[in-house]
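Please find one structure pasted underneath; my questions will follow.
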Amino acid sequence: MAQKVITLGEVLMRLTVPNYKRLFQTVNFDVTFGGSEANVGVSLAHFGLKNIHITALPTNDLGERVARFLKLNGVSGRGLVRKEGRLGIYFLESGAMQRPSRIVYDRFDTTFAHLDEEEVDWDRVFKDGDWFHYSGISPAISQKAADLTLRALKEAKKRNMTTSGDINYRRNLWQYGKQPQDIMPGLVELTDVVVGGRVDLENCLGIQDDDWQRNCEKVKEKYPHIRAFAKTIRNAMSASRNELTAVLLKDGQYYESQTYEMKNIVDRIGGGDAFMAGLIYGMLHLEPQESIEFAVAASVLKHSTIGDVNLSSKEEVEALVNGNNVGRLLR
Amino acid sequence: MAQKVITLGEVLMRLTVPNYKRLFQTVNFDVTFGGSEANVGVSLAHFGLKNIHITALPTNDLGERVARFLKLNGVSGRGLVRKEGRLGIYFLESGAMQRPSRIVYDRFDTTFAHLDEEEVDWDRVFKDGDWFHYSGISPAISQKAADLTLRALKEAKKRNMTTSGDINYRRNLWQYGKQPQDIMPGLVELTDVVVGGRVDLENCLGIQDDDWQRNCEKVKEKYPHIRAFAKTIRNAMSASRNELTAVLLKDGQYYESQTYEMKNIVDRIGGGDAFMAGLIYGMLHLEPQESIEFAVAASVLKHSTIGDVNLSSKEEVEALVNGNNVGRLLR
Amino acid sequence: MAQKVITLGEVLMRLTVPNYKRLFQTVNFDVTFGGSEANVGVSLAHFGLKNIHITALPTNDLGERVARFLKLNGVSGRGLVRKEGRLGIYFLESGAMQRPSRIVYDRFDTTFAHLDEEEVDWDRVFKDGDWFHYSGISPAISQKAADLTLRALKEAKKRNMTTSGDINYRRNLWQYGKQPQDIMPGLVELTDVVVGGRVDLENCLGIQDDDWQRNCEKVKEKYPHIRAFAKTIRNAMSASRNELTAVLLKDGQYYESQTYEMKNIVDRIGGGDAFMAGLIYGMLHLEPQESIEFAVAASVLKHSTIGDVNLSSKEEVEALVNGNNVGRLLR
Amino acid sequence: MAQKVITLGEVLMRLTVPNYKRLFQTVNFDVTFGGSEANVGVSLAHFGLKNIHITALPTNDLGERVARFLKLNGVSGRGLVRKEGRLGIYFLESGAMQRPSRIVYDRFDTTFAHLDEEEVDWDRVFKDGDWFHYSGISPAISQKAADLTLRALKEAKKRNMTTSGDINYRRNLWQYGKQPQDIMPGLVELTDVVVGGRVDLENCLGIQDDDWQRNCEKVKEKYPHIRAFAKTIRNAMSASRNELTAVLLKDGQYYESQTYEMKNIVDRIGGGDAFMAGLIYGMLHLEPQESIEFAVAASVLKHSTIGDVNLSSKEEVEALVNGNNVGRLLR
Amino acid sequence: MAQKVITLGEVLMRLTVPNYKRLFQTVNFDVTFGGSEANVGVSLAHFGLKNIHITALPTNDLGERVARFLKLNGVSGRGLVRKEGRLGIYFLESGAMQRPSRIVYDRFDTTFAHLDEEEVDWDRVFKDGDWFHYSGISPAISQKAADLTLRALKEAKKRNMTTSGDINYRRNLWQYGKQPQDIMPGLVELTDVVVGGRVDLENCLGIQDDDWQRNCEKVKEKYPHIRAFAKTIRNAMSASRNELTAVLLKDGQYYESQTYEMKNIVDRIGGGDAFMAGLIYGMLHLEPQESIEFAVAASVLKHSTIGDVNLSSKEEVEALVNGNNVGRLLR
Amino acid sequence: MAQKVITLGEVLMRLTVPNYKRLFQTVNFDVTFGGSEANVGVSLAHFGLKNIHITALPTNDLGERVARFLKLNGVSGRGLVRKEGRLGIYFLESGAMQRPSRIVYDRFDTTFAHLDEEEVDWDRVFKDGDWFHYSGISPAISQKAADLTLRALKEAKKRNMTTSGDINYRRNLWQYGKQPQDIMPGLVELTDVVVGGRVDLENCLGIQDDDWQRNCEKVKEKYPHIRAFAKTIRNAMSASRNELTAVLLKDGQYYESQTYEMKNIVDRIGGGDAFMAGLIYGMLHLEPQESIEFAVAASVLKHSTIGDVNLSSKEEVEALVNGNNVGRLLR
C-alpha cells in the first residue's frame, strides 16, 4: 500500500519567456505551474506515493487550469479549496551562460493568502496520512497562511504523522507585518525533518554558526525532537552549469552524497523541491545514505526537464543513483 | 502640423489562448497589450497624429514591456509614470462559431489604480494639446483613478481642448464604493463628445429612453454643452460573423454609416476603441458623414488583425471607405 | 448525486497536420486523442456526470499519455486495462473550403483489439452504473472486441441499466471475418436507445426503408424493446460550412431540433459523439424535445474547438439552446 | 506515357507573415516558394505529367533550397542553371476580411534576370516535349529574360510543341527600358493558347474592346494561329471570400464553367497558375467544356492550401468537378 | 562519374517530442524519417554519390511522405516498392544531461516486413552498382526481410560489387522465430566490410573475445574473405556530452582516428549510420587512415543537426578532418 | 545628462534558420535586425546613453519594420533617411558543436549603398554629440557609403567629438572598385580609437607586425593622434564553446581583461559590437582597466541572448564584471 503524504502551499502560474528572449521583449509565454510544496507532492506522486495537496484556487478558469495540472500529475483533488480571488503568477526569464535567470513575482493578495483554516476539511484530508510537508514560503505570505500551516502541523502531529519543513527564507515575502522569527520557531517545534542552509536557520530561528553541521546541532539543542537536517550544496558556475551535492544529518551521523556535475541545464527551478521529495521518499523507504543519494539524483533529473516539477519515476532516479543508463539511448 | 491627442487610462497585458483552445487546457499564451483609451491613442498615432498617453506602469520588466509596446506604436513616453506595483492582466479565450469569447480579468489593485494625480506632470503632458479622451473604465477602477480622470478633464478644459468620453459601463468594475452616477455626471459636464449606447447613458447618467436618439436628446437637455453623441451598432450572429454600423448625432443632425458585414472575424477586441479613434480623427479633419464612415471603417479593419489596437493607416481606412482594394491583392 | 455512465471502446492517438498543410508535406503533428465512445464519456464528464471508460492501453509511455488524457478530462481510470501491444493511431489532414478532410488510419492489431473480456473487472466497473454506451466500431475491430461489447451489454442489463448504441457502420473495418449482420443484431437486442441513419440500420440489421422514421419503426417491430431512435442530419456545403439538425423518435413521437448554420468550422471530428453525449445527458435529465435540442447544441459547440472531444460544460450548452451569449464577449 | 510540359520563369522565395500580423511588426516568416510558371509546372507534376522548369538559381544555399523545393514537387532538375547572383524574394502580408493582402517585392537584379540563353541546354530540356508554357512576367524582368522567352518559344515551335502564354501584365515590372508592346507581340506570334483578360490584351498587344470575347476575336484576326483564349473571372467580396468562374474561347465556341463560391479562403496566391495548369491538363486530355471545368476546380482547390502551388492530384480535381467529396470526411 | 551505392532496409517515421518534454505529456511531435540503411544512403547522396534505396512503403499519404523525404535527400526512387500496409513509427523522447533519451517503437507488421523479394526489380536497381550495404536490423524483422537481404547480397556479389554490413544486434527485434546465428552467418559470408563491436560479433556470429581486434581476427579466420572490420567507440558521459573515436582493421593493419569531444550534442540518433556512410565513402576514395578520419568526422557532424540523417557535404566533413572552420563564423 | 553617441552604418534584416536546421531545408525564419554600427548604438542606448544612428531605409514596410526595431531599442529616428530601394538581408544558419555557423549575404545594391551624404541633415544629427563611431564595413559597400563615412568623421571632428572605428576587414565586400588601403587611411586619420586585430591593421592600413601591440605602435607612429587601440581575442573551440579576452593599448599602457569561458553559447553574432559599445561606454565613464573589463563582460552577455544586439543594462554588465549574480536565480 502506497504511503500518503500531505503537502500544503500556494500554486502559482509560471509564465516563461521562450527561446532565451528577455522578458521586456517577449511576444509569448509558455505556461506551467509550480509552488514549492506542490512540486514536492507532484514528485512524490510520480514516485508512486499518494499525495493530497492543500491549497486554494480561484473559481475561474485559471483555477480550473491549476486543478487540471495537479490532477494530471497524480495529486488528489481533496485538498483543493475553490474560492473567489486571484491566482498568483510568476514570470521567468531563463538565463544562459553568465546571464542569470530572473523572476518577476505577481503573487500578492491571492486566493491562497486568504485561505482560512476553517475552509479545509482537515479530517478528510489527513485521514490515513503518513507524512506532512510544508515550506517557509507559506508562513511568509499572510497571517492566514501562517495560521493554516501551524494548524496543519498540529493536525499531523495529532495523528502521529512525520512532518518536514523546507524552511527556505525568502526576503521579498514577509510583508504582512510579521518577521520569520515570530512564526517559524512555532512551526519548527512541530517539525521532524528540517531542510535548510545556514542562512535559513539563522533567519528563521535566530541560531547561527559558520559551519552548517554545528549550526544544525545548535538548533537541535533547542529543538531536540528534530530527527534530521538536510540541504543541498549548489556550486553554480553559470546559468547552464552547476555542481550539486546533498548532505543529511541524522541521529548524529553526517551523510554526504556524491557530487553531480550538471552541464547544459534545461531548467533549475524546482531543483530543491525535487530534492525534498526524494528525501521524503528516501526516509520512508531507504537507509540514510541511500536516501540522500536518491534525493540528490532526483534533483539532478529535475534539471533536465522544463517546468517546476520533477517528472521522473522512482525507477529513473534509482537508475541514476546506480549510474545506469546515463548517456545511453534507451530503446 | 499633426494634431495632438492626450489619452488617459490603464494598459493591461493580454494573454491570449492560441489555436481555439480553452483557457483551462492551454500550455502557452500569446502576449499583447491593450486598454480602451491607449487603444485609441495607438490608433491615432497610426493615423499620423501625436498621442501622449497618461498611465502608470510598474517599475519591473513588465512595466518596461508595456512602455516598449507603446513606444513602438508611436505613443509618446511623456505620460508614463513608473512606480512600484503590479500590472493588470486579462486572459482571453477566443470564441469561434456559436461559442463566445471569454475574458478572465486579473486587474485589481494595479499600479494604475494607485496613480495619484500629483504624480503626473500635467503641464508637460497637456502642452499644445488639441483633444483629450477618456473612458468610463478609469473612474470605475478606484477613487484615485476617478480623481485623475476629473483632473485631466479640467486640465483639458483649462486649455480649451476638445474632450471626448467613451462612457462604457462595466458592471464588474465599480467595486471601490462609488456608483457610476456618483462620478460620471461630473465628468460628462466637461465632455464635448459622448460615445455610448442606451445602457451606458442610463447607468452612467440615470437618463433613459427606449430610443437612443431621444435618449441623447434628453441628455443634451441636461448637458447642453455636449456637441455630439455617437455609438456603434453591432449585430453579432456568431463569434466569427458580425454586422457593424455606426451612428452620430451632431448639431441635431443624425448621421448613419453604411453597414459592414464582417465574416471570418480575426479579433474583435478593441473594435470600439478603433471606432473611437476614427471618430476623433474624423471630427478633427472631416465632415460629419465622412467622420462616421471613417470611424466605422477603422473599426472594421481592426477586426482583421490580432491584438487590441488598430494598426491601420489613415490611407487604409480611406481606401475601405471608398470601397477600394477590398478583396484585392496589393502588389 | 451525479449519474454514472459506462462507456467502452478504443482510444486512438490523433496526429493532425497543422496549418492546412497536406499530410504528404508535413513536418510536425499536433497530438490529441479520441475514440467514438470515449468522446461520449469525456463529454459527459464535462457535463458533470461520472464516467468510467473501458479500454485497453499499451504498457508504454503512449499508453500512459492516453491515461493522462482521460484522467485530465474527468474519466475514471477504473476501466483502463494496461497490457503489451500497440496504440491505434489516426492521421488527420484538415480540409478547408471545397477540399475535404482526410483520415489515414493505422489501427489494426492494437492492444484494444486483443482485450479479453476476462481482463475487465466487471463488478468494480459497473457498480452503481446508470447507463452503458457502445458504438458499432468496437464489434467491427475484432472478435474479442465484439465479445467484449456483448459482455458489457449483458453486464449492464443484469444491473437494469439503460443502454445505448451508436450503430455507425464503418466499411473499412470488419476485416476479421464477420459481417455486421452476424454481430449487430445480438447487440441491438440489448440496446434501449439506438442512434443511426438509414445506411447504418440497413447494414447492421438488414432492415431498410427509404424513410428514416419508417425504417426505425420497422426495426422496432423486430426489436420492440427499443425505447428511442435518434440521429443527426448534416448538410455539408464545404469543409468549413455545414448545417446541423437532429431528430429523435421516442414512444411513437417524432422530435426535431432547430437547425444550426455552422460557418467557420474549427474541427468537425467527434461532432456525432458530442451529440450522443448530449442525448444521453438529455434522456437522463430532460424532456424529449429539450433532449434533442441539448444534444444538437452540444454537437454544434464541439465544432468550435480542436480535438475529438467536446469540452463544453452543461451551462454552455444550455446557453446555446436558449440563444444566450452567441456572438457576445463574456467578461 | 505521361505528357511532358516545359515551363520557364523565375522562382522567388516567399516570406509570409504568419497569424494575420502586419509586415511591419513581424518576428518570423514562413518560407515557401513560387513563381507563376513554376507554379504551373509543379501543379502539372502533381497531376502526373512530366515537367521541366527552366530557371536560374544562385549557387548558394538559397539556390539549393529552391532546387530541393522543385525536386520535392516532381519538377525535373534538368532546366535548372546554377550561377552567381541573388534569389528574388517577395514578402506577403496576408489579408483578412476587408483588409487586402499586400506584397512587397525584392526581385530586381536576380540570377534569373541575368540568365543568358546560351546557358540553357535547349536540346536536352526540350527533347520529347509536348507543351511549352511561359507568362508575361519573364519578358518584363530584363532584356535577357525576354530573349530567353522568345528563344524558348522558337525551340518549342521547332519541335511542333503546343505553346501557351499567360500574358498577365504587371505594371511594376518592365523597368529595363522596353514596353510590353515592344516584346509581347513577338511572343504571341508563337503562342497557341493565350490566357489573359482585357487589360492584359490591351496592354500587351494594344488591341482593346469592352467585351472580352470580342477583344479575343480582334486579337485572333491579327494572330490567326491562336487556338484558344481563356481567363478566370474573380469576384472578390473580401480577402476571405471570392467567387470564381472561368471561360474558354476555342474554335469560335465560348465555354463557361460553373461558378464556385469560395468562403474562408486559405491562400489565394497562385490561383491563376493553378487554373493555367488545369487548362493545360485539360487541353491535353479533355474536351473543351471539361477542360474549363477542370481548370477552375483546380484553381478553387489551390485556395484551400497555403503556398503558391497547387498540391491537388488529378483525382482530387475531378472529384470536385463531379461534386463528390465536398464537405465529406474521407476515411 | 559518381559511384553508385545500393542500400536496403526499413524507413520509419520518427515522431520526436519537442522542447525536452516527456513523451507522456507531449501535445505535439516533430516529424522526421530514418532507418539505419537509408540514413547511410542519404548521407552518401549528400557526399555526391548515387544512392538507390530498396524498401517498401505503404500506398497511403504516409508512404508518399517518406518517398518525398528520400527524393528530397537525393535518393533515387527506383528501389521503392509501394504496397498496402502500415508504416513503421518510432517515438523519441530526447534526453538531456543525466536523463537518457528513450525510444518507443511501433514497428511490427509493417509494409517492409512483408516485402517479398519478387517485388523488387533487381536488375534495374543493381545495374552499374558499385557497393551494396545492409544492416543487422532487416534480417531481425521478418523471414521475408531476412530473405530479401540475402537475395540482395547475392545480387551484389553476382555483379562483383563490394558489400558491407553493419551487423548491429537489436535484442528487441528477432521475434519471428529465428535467432541471429540462424541468419547472420549466411549474410556475413557474402560481406566484405563488417562493422560491429564485440557484442555484435558474439551475438550474430557466436565468435567472441575480450579484445575487439582479436575478436575480428577470429571472425576473419572463419570468414577469410572479409576485407575490413570497423566500429566506433562512444564514451557517453551524459545525453549531452560524448566522446567519439573510430577504429578500422584492414589487411591486418589497425587504424585509429582522433578522438572528438562532443559537447552540447543536438541529436545523436543516426551517428553510427553517418559513420558507416563516411566509411563507405572513404573506402571508395581514400586511404585507410583517411577513411577512418573521414568516417568519424562525418559522425561528429551528424550529432550537430536534428534528424536521423547526416546532411553534411563531403567538403564540410573534410574541413572538420583538417580542423578548419571549427568554431568559425563562415560568411 | 546622458552622453550622446552618433553611429553610422547599414542595418540588415537577419533571417535565422531555427532549431539547428540547415538553410537548405528550412520552412521558416526568425526575424531580427542588425548591423555592426547600429548594434553598437542599440547597446549604448540600453546602457542609458543617447544614440542617433545614421542609415537609409526603404520606403516600404520592411523599412518601417527596421525603423520600429531601432525605435524600440532606444535609437533616435533623426538619423534615418527613407528612400526608394531595397533592404539588405542576411541569412544565418546557426552552428552547433563542431559545425560552424554560416551566413549567406544578400546585401548588394541596397538603399544604404545609395545614401548620398547630402541626404543627411548633419547639423541636426550631430548637434551636442560626444562621440562618433563607424566601422570598416560601410566604406567597403560603395563609394557613396565611403564618402558618407568620411563626411561623418569630418562633421565629428569639426565639433571636437571623439571618434572610434572598428576597422574590421571583410573580404567579400570591397566590390565597387576600391581597395581598403585606398580608403581606410583617410578615415583613420580622423579616428581617435581604433579597434582591430593584426589582419585588419594590415589589410586596411598596410602596416604589419607579428605582434599586435607592436603593430599598433607602428600604426601610431604614422597616425600619432590615435589615443587607443583595442581588440578582443576569441579562442573558439566549437560553435558552442569559446573563450574571450580583450585588450586595450592606451597611452602606451597595455591592459588585459580577465578571460571568460563561454559554454553553451546562444548566439555569437554581434559579440564584437557589444564589446565596442562597452569600450565606448567605458572610455566615457571609466578608467582604462575598468573599461576593458566592462567591454569584455558586455560582449560575454551578448552571447547569451538571440539577436545581433546586446540587450543588457549597464547594471547587468557591472554585475558580471564584479562576479555577482552569475549562476544565481534573481528573484
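Going in written order, the chains are labelled A, B, C, D, E and F, and every chain counts its residues from 1.
Just so we're on the same page, contacts are C-beta pairs under 8 Å (C-beta built on N, C-alpha and C of every residue); 3 or more make two chains touch, one makes a residue touch a chain.
Remember, it's a predicted structure, so these values are computed and weren't measured experimentally.
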Both-way neighbours, i.e. chains that touch subunit F and touch subunit C: A, B, D, E
Fewest touching-chain hops separating subunit A from subunit D: 2
Most remote chain, CA-based centroid, reference being subunit A: D
Identified repeat of the A-B interface (over half of residue pairs identical), from D-E, D-F or B-C: D-F
Higher-contact pair (C-beta pairs counted), D-E versus A-E: A-E
When subunit B is superposed on subunit C by its C-alpha atoms, the rotation angle in degrees, nearest 5: 120
Subunit B-subunit F separation of Cα centroids, rounded to whole Å: 42
Rounded Å distance, subunit B centre to subunit E centre (Cα mean): 63
Touching two or more other chains - residues of subunit F: 22, 24-25, 27, 68, 102, 263-264
Touch relationships between chains, expressed as pairs: A-B, A-C, A-E, A-F, B-C, B-D, B-F, C-D, C-E, D-E, D-F, E-F
Footprint of subunit F on subunit B - complex, ascending: 68, 71-72
Complex interface listing, subunit B residues touching subunit A: 15, 22-32, 60-62, 64-65, 68, 86-87, 89, 91, 93, 102, 104, 106, 108-109
Touch list for subunit D against partner subunit C, complex: 72, 260, 262-266, 300-301, 303-306, 311-312, 316, 320, 325-331
Complex contacts: residues of subunit F adjacent to subunit E: 19-22, 24-25, 95-103, 105, 170, 172, 236-242, 263-264, 268-269
